[in-house]
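Quick notes on the structure that follows.
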């Protein structure tokens, strides 16, 4: 159960010869104020992979996600997204429409896709139930706690039945119990539907538990410093969380994170 | 749980300005009476009220004429203002190309182009409505454009990720975001529509057919019937305040559940 | 009947009586005319409406007509209802003559500035610094006992009297201010193409004036219909002033008939304007009027 | 990295409206020439330009008079408008009591009360400035109040936790939050100040000595010197557009580093 | 090293007979829309305590903190705050002024306290250095990543040298390395200055590592279900994080959290 450092090239061509779902080729991102947020990032994500991004605050995880989603354009290099992907994204902030009730917020992507009302209502109901907010469809976002708002935004992404899911620290504001439950649900969903997931988290445990691959990034400038394949059982349960390989990966990633934090250029 | 009557916000909102109004009126009355100011200079409130009652038939007819033009112009301003704002916000080039011409509408003195409008528009009511609209439309355009641009960038990203069409983005994101600004524009414009109707009648009105309050003011002025002039002015300002009140109410209904300015 | 639109200079009042009378008593109809009277107003630019074809005839005044002709607008005066303007100066009652104005504040309207004011200024050695703007509102005059203001004998003076403010009125024409008043202006083209229509309108209008002086009641009823705020006492006052100053039947009209105009008077008006710098010396001022419709009219008062 | 000249935003912002303007002018000229519209009805652009050049001395003097009043009134509106807004936002009762009287200012026709102002204010320039201010001040009050109320509740909590005084909250929180709305108000008001100056001059005049553009327009109207009238109108609208441009620039300078409407 | 369930009364009167720094007596909070956010909460916090609040999303942690800070008024019961306290608060959201640069944001409370510029500059510098943002004083908040914004708001609170510190999930958006470092810094600060801290977190490890007492809350309605005193070494280092008592406390709190999550009223 060795930790595998793939070469950067591997990151792209590794796995089957199918077209990658997401592919960043020597991507650089410089913000208008001159901040170099990403430096020569080369990263391919295969369909069906569950990839977590781990790294210190400000290393460009959100930036990379936005590039993948097409919300930012790279300053150099290019991004390719596999076709036929129904993409959903959970932003780092809840990003709810303050004037719409919770259910309407969740239904937004469905409305935009012109789904008929009966089906979308049902989907919204299921998505809200999944995040434990079935009773809150009728309230306005400002009447929710921070964690509840975040859960609404998760429900909004899940309601679309995406096959490519970009999530930016979705569970950061949740207690461990809820978080573990949602981790399990997400993992199950991923397995069941064959999703491709790119997942930003600060929790090493979460990353290991969920992912088939963990990318470790370092900051200033943001770059990928390691690409760790997690080889665990297909069905991961609480037993996996206390298994030696799990601990091993955690220790490994923890070391990489320390390295990322201390390696920061002055 | 029932707060005393006077500390309820709704009561305060009505009672406070009335109280101030009463105090002002009493002072006004006192000054007029004590200094024996002649009616034709500044009439005392009681004299104005008498004029209001005596000339009620004539004044209320005139008020109705003016209000009709006001409301038509206001409605037209909303429609045109929003349409222009929606157009402008589609692209910076469109905005840059056309906005100066919206300003042109605003800064062209109605008095100066009323003759041209009268020449081109046969129906006198329509001509007045057009003049008043010219006065009232700009704040709606300006505030609505500002509002349509003041969109939370995060939400804009959300819409882009979901491939929202320009139309959907407008209807579901930009318009709701713009509402506080839009209603701010309405609150400015409703008064301008009224004043525009009055000014239009001043400059373009042709008496007999549609005699609104401006006509009454002019006539009262020429005839030096100053109490009637003040009565007509009072009706105008009262309409203005009521219109504004209606806009405040509309704002509250539309925004109170989510916008901080109304919480 | 021929449809004719006549645009007045102001809200209906006694000074428009002859025209309303001609409608009310069917004089126009008799001459085969279907006349609609449109009221002017404070900011209604009659010349523009006339020249755009929205009106066939306009109640004009000579200085503007001359000025328009100078700028190339093809209009012309075809008759003059009043032998002079009703314009004058209203003062507080301590003023004995216009010469006393030297020490007064004079309220002059914006249009007065390019009409009678240069004339008065030159005549009594007044100067611009003592003038303030007149906004067709008497309050400033009442408030300042040292002020004097422009006025029509028929309206402002009436209002001042009604308010109980003692005043005096000096008609400029009495002092030699030359222009006619309440003229009928039309396009030169109309004169050329439809002289017969113009002749009918002029004749019917002047007969209207004659009838109005005899019994103003029908005309007044119509005036009040157009301008509901017009009061009987004010109309009566207006008619009285028209009679007092012999506006319609005085001067040349006494001998030549109502509506008459003379080259000599037009020349005087022109000379005054040129002298005051209001008109270019080379302006073709003779185009501003034609006596062809009034010289043989002879509607005798 | 140097985008072609024509796709630079700054160039677009100037070039686009100019291009539209040129097209409109060409059409206008063509219509006038082809249909032989007489100058005294609607003058062709070339005729207007000739009038502008020939009467430049007179017109530029008048423009300066009008602009001086406009700028004074605008400055006064900003000062009074902000002061009123700061006052209103202190308490709902104050706002409720006094706001109706601010509306009163807006909806009272200047034409109707100009005579009273002339009686009380001897200096004619000052009288005009007061009239124009009455026209221009309301949008600033209304938008600024709205802005001062549109404060992020989280930041309000932050200030409360740190025991910020009312003054500090106003200066450091409410005012910055209100800036987008305030500048929106300025953009509406600058045109109104100009139009107010013109209207004030229409109804209250300037004594013989200092004649502004309104006087020129009136006189040109009497004399049916329509090309000069249009030239004067053109100067007014140009001033309006430039004033507006100045406000847009000011907005950009003040907000571009943080507010989404300017990003 | 037994887990101690103090009675509710103990929570108030326990410890020395000094006046509590914060005291909630039978506090209830009903929001205008009728949500019962807190039900009969009785809680006393002694000067110098480090109290963590743990509980599922929406159980009223933020509400309680706002009540302590005087930002909300209880619907019933009352809140007492010890006098002479210099209070600082880190909100659940970064709450930065978008028009002010980072350094100006951090200096705000000092400016409000009319501190002279030389000293406040120095304090701001130190506070930013503490959260690793010394190089970012001159940028605007929107140019920062989510975690960096949160760190700015932490710096803003620390710059005031408070003696009562209310922190609402301050480190939730930070990577584990940074979080551990800041945990250690905060604990050291607390020890050094004798701060009173009320700390909301979703991380059981963090709660145990930092606190002298952990309050566990449950939701719907929000209420306190347990009050656990943490008895660990005064100086807590990485060794403590792997010590058996630490593990014990974690397991205990985890169980309580599960209980809190499953006990929710339907």
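For clarity, chains are labelled A, B, C, D and E in written order, and residue numbers in each chain start from 1.
Assume a contact is a pair of C-beta atoms (placed from the backbone, for glycine too) under 8 Å apart; a residue touches a chain by one contact, two chains touch by 3 or more.
Molecules present, by chain and UniProt name: A, E = ATP-binding cassette domain-containing protein; B, D = ABC transporter permease subunit.
Remember, predicted model here, so these are calculated numbers, not experimental data.
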Partner chains shared by chain A and chain C (touch criterion as defined above): B
Angle of rotation relating chain A to chain E [CA atoms, steps of 5 degrees]: 180
Chain pair with the greatest number of C-beta contact pairs: B-D
Distance between the centres, which are taken as Cα means, of chain C and chain B, whole angstrom: 38
Distance from the mean Cα position of chain E to that of chain A, given in whole angstrom: 28
Chain centre separation (chain B, chain E; CA means) in Å: 51
Of all residues in chain B, the ones touching two or more other chains: 41, 111, 115-116, 152, 202, 221, 259
Touching two or more other chains - residues of chain C: 43, 45, 48, 52, 137, 139, 143
Sites on chain E at which at least two other chains make contact: 93
Pairwise chain contacts under the document criterion: A-B, A-E, B-C, B-D, C-D, D-E
Partner chain C, residues of chain D touching it in the complex: 38-41, 114-116, 118-119, 124, 202-209, 215, 218-219, 221-226
Chain B partner contacts - residues on chain A that touch it in the complex: 66, 69-71, 87-89, 91, 93, 95, 97-100, 108-109, 111-113, 140, 142, 160
In the complex, chain C residues that touch chain D: 43, 45, 47-48, 51-52, 64, 67-68, 70-73, 108-111, 113-114, 128-129, 131-135, 137, 139-140, 143-144
Residues of chain A touching chain E in the complex: 31, 33, 35, 54-58, 61-62, 92-93, 139, 143-148, 151, 169, 172-179, 202-204, 254, 257-258, 260-261
Residues on chain D engaged by chain B in the complex (per definition of touch): 9, 12-14, 16-17, 19-21, 42, 92-93, 96-101, 103-104, 106-109, 111-113, 115-116, 119, 138-139, 142-143, 146, 149-153, 180-181, 184, 187-188, 191-192, 194-195, 198-199, 202, 214, 217, 221, 229, 233, 236-237, 239-241, 244, 259-263
